[in-house]
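As written, the chains take the letters A, B and C, and residue 1 is the first residue of each chain.
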Amino acid sequence: MTLSVSDLSITRGGVPVLQGVRFALAPGQALVLRGPNGIGKTTLLRTIAGLQPPSAGQIDGAEDRIAYAGHSDGIKPTLTVRENLTFWASVFGAGGIGDALRAFDLDDLAERHAGNLSAGQKRRLGLSRLLVTGRPVWVLDEPTVSLDVAAVAMFADAVRGHLRQGGSALIATHIDLGLDAETLDLAMFRATPRPVDDFDGDFL
Amino acid sequence: MSFATKANALWEYANPKKFLTTSERVQPYIWSAAILCLVVGLIWGFFLTPDDYRQGSTVKIIYLHVPSALMAINVWLMMLVTSLVWLVRRHHVSALAARAAAPIGVVMTMIALATGAIWGQPMWGTWWAWDPRLTSFLILFLFYLGYIALWEAIDNPDTAADLTSVLCLVGSVFAILSRYAVNFWNQGLHQGASIMRAAAVTGADTEEKVSNVFFYPLLLCIIGFVLLFVALLLYRTGTEIRARRIRALLARERVGA
Amino acid sequence: MIALLLRDLKLAFRAGGGFGLGLAFFLIVTVLVPFSVGPQSSLLATIAPGVLWLGALLACLLSLDRLLALDWEDGSLDLLATAPLPLEAVVTIKALAHWITTGLPLVLAAPVLGVLLNLPLPGFSWLVISLLTGTPALSVIGTFGAALTVGLKRGGLLLSLLVLPLNVPTLIFGAEVARRGAVGMETSTPLLLLAGITAATVALLPFASAAVLRVNLR
């Protein structure tokens, strides 16, 4: 099933930031979102993940199919790596965590408390969560923050594997992951501000 | 005009611009009517009615106590209605009207509590009794405080409007629950006062004509309080709309538009 | 759903989870009461049911500001909101976890503290019954307050201001059951009303909590 977005307008703090966003993401495809800071990448991804409603437009094929990874990883410091991952696996009702641990080289850290991990290790744990959700569409917001070169390669491999299995990925990132992905520049969807005297009930 | 078109015409005032121009046109009349009603009602009530044979001149605080107590409850009801309108139809003016009403409601509740205490002192020999009616007003006061505090605490105006609306809804249910709980908890000293039984309040329920002596100035004071509330509400809602407008313009400037 | 409950319980019992904090607070408040009102056992016996109920209510407030705020800060709430678990279920589980880690220990500790306050003998069973019936409502109402204030930096004080008035009916009926029980009066009416409030809040309030949580996640 294709994730398709049409004529999407989004606001941040009541101010329109993007309008007329449209793209389609077919199974096996990856799409990289680019654009300067503050253009609304995070807001767009949160909207697609269903965390906030769009002000206009439609998102099809997103319901219950998205695994979202934002700036924070949702890791509990007093639980071990294994416990953290097992929890998310059982919430999403998906399979075992062995593959996820292996994909991000977390086997040796499995019994460590997540609070003792380095920033990069935490990020790897957060990304490995994507593999235990069993969801076909990955929506990733700056996934490579605090990852070293080796870990970025690990992550790119995980995404490639996901795409091979018919999954798809929507990634906001500034670095080149070496993926065979299309790029969408959000600058072309920047919302044109409404005239100042447009003083209606919608935008006070 | 049919009822449906009239009802639709009402929604035009959900447009801030339309609301501002119309409310500014009618405000002078409402202010004048409110002041007129209050001045006439209070002078009539304070100086031109006889003292009650049992309560003496203390009864005259009724002209402040009953109207403010009525307003304290009805302002909350109005907030409940406008909150629902905001949640269902997303008209900003509605949410801002609820926000503008809350401080007026607090002041009305405070007036009701204070005049009640001043009246209670000579009547019951105590400034405060944990009577169900008094206690309910105290709880209502706390609900108002929580509602205002939540508005003040949240930065994003739409989020604040949503959260306070839900709080107003849930709070209304719990306020009614508290009212029954408090009734159950203590059967009190307070008369079963309501405007329909103003005669009973003044201890003159046998003589219909005597009660009218108190009733008309009281009615005038109640109308005066309602008009005063409407005038304050229109004024304050206008201020809130302008504050939102300024905020929105500043936000646009930051975005670089 | 069970996974979430187990995780929350595990987090509460692990270091820094705050388990037992409410219990210790309840103990201290109860111990302080005789210091403030005097040690006469007849006076203490009269006020014991009310003091114990008030103490339990305040102790229930303590951990509320962490109930959802921790999950909010580390992003877990975002992820839970996109998980195949309705937010209504999430807040219900959160309330249940709060009750198991805070409410239930208070219920179990209350008879011991009743001894300290010279609670009359028939009052013990009614105190436990009333707390057992009423504390779930306190947890559910508290979760609503936590959901309202989850996005605020210093929401703790505001949370108390919002939640305490909502707790009034529960406190009135709960303390009334305990008071009547202690003096050997009929308790069924307030107990039924208390049970009614608990049932209604548990059934309905999670919808409001989930709604405000959705607003806060935007």
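FYI, a residue touches a chain if its C-beta (ideal position, glycine included) is under 8 Å from a C-beta of that chain, and two chains touch if they have at least 3 such contacts.
Note that the coordinates shown come from a computational prediction; the quantities given were computed from them, not determined experimentally.
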Chain occupying the middle, per Cα centroid: C
Comparison of A-B and A-C (more C-beta pairs in contact): A-C
Chain whose average C-alpha position is farthest from subunit B's own: A
Distance between chain centroids, defined by C-alpha means - subunit B, subunit C (Å): 33
Separation of mean Cα positions, subunit C and subunit A [Å, integer]: 37
Mean-CA-position distance for subunit B and subunit A (Å): 48
Residues of subunit C whose C-beta touches two or more other chains: 218
Residues on subunit C engaged by subunit A in the complex (per definition of touch): 3-4, 7, 10-11, 14-17, 71, 73-76, 78-85, 217-218
Of subunit C, residues touching subunit B in the complex: 144, 148-149, 151-152, 155, 158, 161-162, 164-166, 168-169, 172-173, 176, 190, 193, 197, 205, 208, 211-212, 215-216, 218
Interface residues, subunit B side, partner subunit A - complex: 14-17, 90-93, 156-158, 241, 244-245, 247-249, 251-252, 255, 257
In the complex with subunit B, residue positions of subunit A that touch it: 13-15, 17, 193, 196, 199-204
Sites on subunit B touched by subunit C in the complex: 139, 142-143, 145-146, 149-150, 153-154, 159, 162-163, 166-167, 169-171, 174, 177-178, 180-182, 184-185
